[in-house]
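You will see two complexes here that share subunit A, one where it goes with subunit B and one where it goes with subunit C.
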Partner chain A sequence: MKTIYEKLAELLEVDVVSDEQILEDFESWDSLTVLSIIALASENYNLVLRADEIRELKTVGNLVSKLKD
Partner chain B sequence: MTNAFTLITGASSGIGEKCAIEHSQNRRIILSGRNYEKLDVVRKKCFNSDNHLIWCIDLANKRMDIFHSLSSFLIEYDIVIESFVHCAGITKILPLRNFTPQYVDQIFNTNIFSALEILRVLLKKDNKGTLANIIFISGLWSIRGDIGNSIYAASKGAINSLVCSLAQELAPKVRVNAILPGAIVTPMTENLLLNSELGQKISKDYPLGLGTIEDIVNYILFLLSDKSRWITGQNIVIDGGRSTK
Partner chain C sequence: MNLIFKNKVITGILTVLPANEVKFEDEMENYNFSLAKSLKLKMAMGYDKHRIVNDGVNVSDLCIHGLNHLFENELLKKEDIDALILVTQSPEYFMPPTSNVIQGKLGLKQDMICMDINQGCAGFEIGLYQAFMLLDQAEIKKVVLLNADLLSQKVSKRDRNSNPLIGDGASVTIVEKSEIANTIYANIKMDGSAFDTLIIPAGGFKTPSTPETGVMVEDAAGNFRSLDNLVMKGDDVFNFVQREVPPMIEQLLEKAQIKKEEVDFYMFHQPNKFMLNKLADKLEIPRDKMPSNVVENFGNASGVSIPTAITYNLGERLVHESLLICLAGFGVGLTWASMLVKMGNMKFCKLINF
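Then we have the complex of A and B:
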């Protein structure tokens, strides 16, 4: 079972991610990534997230705590 | 009651469930799905529930077992299938770049490849003389674009093309059609469609509003009846006018 950080690293097309990294700084951070995170949230955490909620988040750490809410 | 059954995949919920219950007034049904307990609940909702059978199979992951499993099932009960309604379908909303081969396989297995395995059984000599009607549930996204739905759309598009050629190949004995529903409210989609901003946005695209399971099942029942005897090879869009946009 992959950890949430491994899954996010895969979506963001990097080797590893850490809490303090800024989401918008990732080269592959775009609307399709946001869509993938919505899918990830609903599949793994039974969570219905909106795109604008995800857009408001600043860092990887913020995103992880949102998913683990 | 005849010994000729209607096989319905995806019969444990949504369109498949409703179709099984409604059609059980006229025909004996084979309810198919992954979960025996869920199928048995639906079977008990059917008219004369003891008349109907359950064929349990995982279409997404056991593609290579389908042919043998269904063949043995038909021999064991000594029955034949007159109509096949393929309601089983799955999707995964994900951009293509994040798809893995496993997801692609599961979607194509469930939505189209499993139906090909089932049809290989139904067209063998023991059943061939009985088979009269094949109905697929395709989807509006096979002919309209949508972000994050490309693999699902491709699998449904494969159904549309299959119907066209198979109608030629199997005429005049067997009719083959596909229904392309727009967004309908089912237990699986109601949370999204009825309780979110996205749902409100989606429903604005539908001149007649969102559809219901009944809107689709009514047409399946029509296709299963002789009233549709001159209809074959068609992709029938039922979408409350969405595709006119």
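Then we have the complex of A and C:
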């Protein structure tokens, strides 16, 4: 079972991610990645997220706590 | 809402697609997106090519082409058509109904019913429900269901959210009374409180098209569209589908007392490969039982997507065999509907070009 950080690193197309990293700084941060995060939330956490909610988040840590809500 | 229909049968499906094929790569430069990101989008969503009508082509042209093909090949007789249902969101006029226009152009008999239904993604199911209900009349023996949409005309070429997946097309489905007793299980739900999830904001009576409604505006994701263009809240659609469709299918199968593995194919509306694969996984259905190859080959022509999936993936098989098929449509409205139906021994099941 992959950790949440491993899954996010995969979606963000990097080797590792850490809490303090800014989401908008990732090269891969775009509407498609946002959709992939919505899908990840739906599949793994049974969570309904909206694109605008995700876009409001600043850091990887914010995103992780959103997913663990 | 659960629905039950008795002693009805689909005896033929013909899909008519415009021959003009547009490649994803040829439209990438219209998008406000890097090349690498566009290619990633193509890969993830399963975009490749789509069928788009040439300027000046209307839904009646595709429908008449399909019906004439059936008349010429002696697969349908003009005088046998007792009802013509056209499900479309691309009508030629606000008045009269486009189905009447088709009836007139083809010289069909007057002793019949024509009706247009404004529905999209679930338009195949809704059209079939209407056809089944009409067939309860003694004098109605054969219903022709037309699904047709040309929504490429309303999508902005600079909208990578909608343009790569849209396609144009029409289908002709023949529905009759069955001599062999059968039961068709179905259901439907609607949520008009989310009417603006998929919408063309201007062009109707409320907001007529003006030079102002034609002004292109950039959204948060960098897509350009005007109020005259189709706009889709992609994330809301995704969440809606993942939330509502799996329980709808579970309920349908439970009512019919059928196990998931007894269903031969799940022919669902075709929004994109990504969403269909997620749906198959959530329903724990093998992905090869739920074809998702319509968008990459032809584009999504709303209510025509299921007939396209059936004719493209099964075609001749449905002339020679009989298969248990679960249909599901979901989208604009919002509307979601599903149906469990035995299909087979059809007179025809194929796809032709316009």
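FYI, the second predicted complex is superposed on the first by the 69 of 69 C-alpha atoms of A that agree within 3 Å, B and C clash if a C-alpha of one lies under 4 Å from a C-alpha of the other, contacts with A are read in each partner's own complex, and residues count from 1 in each chain.
Basically, a contact is a pair of C-beta atoms (placed from the backbone, for glycine too) under 8 Å apart; a residue touches a chain by one contact, two chains touch by 3 or more.
Given the structure is predicted, the values throughout are model-derived calculations rather than measurements.
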Quick check on the superposed pair: does A:65 touch subunit B, subunit C, both, or neither? Answer first, second, both or neither. neither
Is A:11 touching anything from subunit B or subunit C once the two structures are fitted on A? First, second, both or neither. first
Quick one: name whichever of subunit B and subunit C touches more residues of subunit A. C
Once the shared chain is lined up, is A:50 touching subunit B (first), subunit C (second), both, or neither of them? both
Overlap of the subunit B and subunit C footprints on subunit A, residue-wise? 31-32, 35-36, 38-39, 48, 50
Subunit A residues within the subunit B interface of the complex: 10-11, 31-33, 35-36, 38-39, 48, 50
Subunit C - residues contacting subunit A, complex: 33, 37, 40-41, 44, 161, 220-221, 234-236, 238-239, 242-243, 274, 278, 281-282
Where on subunit B is subunit A touching in the complex? 92-95, 97-98, 147-148, 191-192, 196-198
Under the definition above, what is the set of subunit A residues touching subunit C in their complex? 30-32, 34-36, 38-39, 42-43, 48-52, 55
